[in-house]
């Protein structure tokens, strides 16, 4: 379970998160929507400890992420994250991209790591690309590889940050399909996305961020059907 | 020919090695001084021209002559047969005995004590070639050639090498200079006497002839002994080789 | 037109000795590169580190290596540090001098290469649970070495050429030293050094060719 | 340890050595740059195949130790051709060609960095080849080439330490002469290093600055 | 008058122009359309002598372009050309871009050249950008600057090579407007373009190129209303 309690965060003068509260239960899929610069990405990078926070706390399965004694490297093993830009490691084959962390972080043997890697790549539909280098993959394939790479660490949680927004339109579908599959398998997920139909169909709850505040949160039917805040209404009108 | 060229040009350019005291070195104002420098000046005076000292490290003496940068070498050059294939030598104008100089800390008391030690000498000199052969013959120890005589004694006083073989005049001069604490001359090296000669181009017979006579005149007039006393001191070594002509 | 009789046969008879010297030259160059790369990586890390002292040491190293002559560095390694009673053999002095130089130049190159690797690469590694060091070692470093490959090849060529400076610290087993010794014996300056020049040329061509083949094998992405 | 016998006259002697270093460098860099521009332009203009012989010759200057180049040139001019050249002239000659070999590469890079289409536009306006070179290629190429050129100039300055083999008493050789007399190697070497550093560092910094400034636009 | 007679041109094996015949009279506007690679750009660069030709001849105002004794630099002064890529000289201000050639090629004084440059820049609507650097201009403005630069040499002919095809759609209009204005002023022009409405409205004749052959030429009404060649029909159908 991910518990976010009154989290505040500034970059210099700019307050990006102004007291966020959010609990995500096991097996839940929460979608985060909101305008550019509203702090969605920042929240995700705070959850896995890539960014420090100024006040409040984030607790993942009972471990406080930003406590000084917390082993963040350990913690991150159970929180997978995939970013908007495909962050393939260009110098490694697809399979090596996926097996690097299991081998170096979990200390698995080569054979074992490769078995896991192959399984995950097959899972996201890249079973035939194992020895290819990422530069030969399309953007959508690179994103699916990034997902497989995160899954290979057997995380309990997955965070997705606009994983489709840098893709050509015809490649978006295959990546969303993969996310949908993960959700169906019961993965606990927080997805930042601009794909409203995905938010509507897949998520248990949708959160709307506005200028560092979580303005509204609720089941998709409510957010899309009957938004309470004027900003939410405006935002939804603009993206449709 | 060259002899005429020198006289008509009014300048005699001599190759001199300037880190080879007392034969050649630099004085307080970094100006050239030494036996070879005076010798060159004498030669110029006898020709009635001005002397110009061109500093040349040991390995560069022959190229300097060949490239026409100097007219004559007054540079403590051993008159080996191998070299005589390339340049023309006069009769010897100086003779060196070889001495062993050692760092006091090394415990070397004689030439044979050098076996197994790290020793050095000035690259390209008579004694360097002989010493390297000797080290190989011993099959023990290391030989290091340095670019200049100065580097050899610097390395010796720093303890980088334990001993060196050099001409006894150089050894005495360096030890006496006080620049190198902790080194002393410990004995003679059993190498043949190193006769050194003036040199010029191989085919300049007129000039070589003149040089031969000049060397002879220096001895006859007592100038040789005078310069020897001034720069080295002690018994004047004979310049004739026993039992042969010339 | 030449007032000089070439005696190539005499010079060529010394070729085996010179080739032995070439081996020593290669040995020094390769060692100085291997150690130099390792040091350059360390310097790069030091320059990225939080410690002011480490950054200062690394910066001083790089600036000294790049702003003084290699010959000076080698001479310093032999005669300079000996003033502290530290003695290195000519081989080691030469190796230290060239390695110091290599490390300085390569560290500067690595810094440039790092700029070309996006932050997001490290971030991606860290979010998989890697430590900072692991992310550097497995993700940043290989990419950095690839970007710097051409400059490293050039540095290797320079390292080979720099071995010729060993004579100033009493080195006589490398190609230049051997050639100079032979020259002292025979005075066939032109012939001997011309042969040495050709050997050096061939060595550098082998290096550039080898590097190209290696790059093709190593960097298939 | 810094209680030294170094006299003002000796410092002057060192400064004179530094002066020689600078003069040799300046002459070589000037001539080398002119030649380098010439060679670089020829290489671009003639294409890789026709200019292969030139490329080969220039490559030699970058593949043979400078020390050997100096010794060989000295032996060649003197022993073989029997030209009466002073060491200073030989040093400048070799260093100039050495510089030109590297400079040609830099010039080539600079010219290649100017887009073909931009040059085409200039020619379409009726500009001659020379006008195109002067008004378009030169200013644009210089931005790319100048930082590397500064680096080259500094490299030549440092490499000029090797001209001692042809009896030119430059900075490092002057230091060695003083070491012979004063026997304070570390102290003298440090002064020598400081001289080099003082000449080199500001120019190196300038190069870095220009590179940063010009690469941003 | 531009006379093109049986011009052939190959790049290595590839024959790009297979015998082109075309006369363009004073004051005429000829538009060239055709598929990619059909040799349109090549023909333009042959007309002003940037490319040599293999056989045939091109005569401009009685001067044969490719004759060895022809001073091409002189000739190019009266043939302005503007390319698809904006070829601004990035190191010069807009005004200097325009005055460089008049000063260096025509030998005009600074004041005189600047008067001409200013007039031409005003003409294309860039009167307020004189001291700006090209990098600050939009693509459309850069193209208009390129046109002013060519006009500043007072050319008798202007060649335009797809001057709008690298522009964002909203910038195309302003550049076409400039061309239209030039045509109205009686400039002799050859325009390679993909803008069919421009071809239809502005040109006296339209030429259709197909694989190095001028398949068809005629007034726009005929070419667009009643194309004779099957390829022309096909091409027009595909671009509409």
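Order of writing sets the chain letters: A, B, C, D and E. Residues in each chain are counted from 1.
As a convention for this text, a contact is a pair of C-beta atoms (placed from the backbone, for glycine too) under 8 Å apart; a residue touches a chain by one contact, two chains touch by 3 or more.
According to UniProt, the chain labels map to these proteins: A, E = Glutamine ABC transporter ATP-binding protein; C = ABC transporter permease; D = Amino acid ABC transporter.
Not measured: the values here are computed from a predicted model.
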| item | value |
| --- | --- |
| Intersection of contact partners for chain B and chain C | D |
Clusters that remain linked by touching, chain C excluded: A | B, D, E
| item | value |
| --- | --- |
| Intersection of contact partners for chain C and chain D | B |
| Most remote chain, CA-based centroid, reference being chain C | E |
| Pair of chains whose C-beta contact count is the highest in the structure | C-D |
| Chain whose Cα centroid lies at the greatest distance from that of chain D | A |
| Averaged-CA centre spacing for the pair chain D and chain B, given as whole angstrom | 36 |
| Inter-chain centre distance, chain A versus chain E - centres from mean C-alpha coordinates, in Å | 52 |
| Separation of chain C from chain E, taking each centre as the mean of its C-alpha atoms, in whole Å | 55 |
| For chain A paired with chain B, centre-to-centre distance based on mean C-alpha positions, whole Å | 82 |
| Contacts with two or more other chains, residues of chain D listed in rising order | 71, 75, 79, 82, 179, 185 |
| Two or more partner chains touched - positions in chain B | 63, 66, 151, 154, 158 |
| Where chain C touches two or more other chains at once, by residue number | 4, 79, 82-83, 189 |
| Touch relationships between chains, expressed as pairs | A-C, B-C, B-D, C-D, D-E |
| Residue ranges of chain B touching chain D (in the complex, touch as defined) | 18-19, 25-26, 28-30, 54-57, 60, 63-64, 66-69, 148, 150-151, 154, 157-158, 179-180 |
| Chain A contact footprint on chain C (complex, rising order) | 118, 120-121, 123-131, 134, 138-139, 142-143, 146, 219-221 |
| Sites on chain E touched by chain D in the complex | 45, 48, 50, 73-77, 79-81, 83, 85, 87-91, 100-101, 104-105, 135, 146, 149-150, 153 |
| Complex contacts: residues of chain D adjacent to chain C | 60, 62-69, 71-72, 75-76, 79-82, 154, 158-162, 172, 179, 185-186, 189-190, 192-193, 196-197, 200-201, 204 |
| Of all residues in chain C, those that touch chain D in their complex | 1-4, 63-64, 66-72, 75-76, 79-84, 157, 161-165, 176, 179, 189-190, 193-194, 196-197, 200-201, 204-205 |
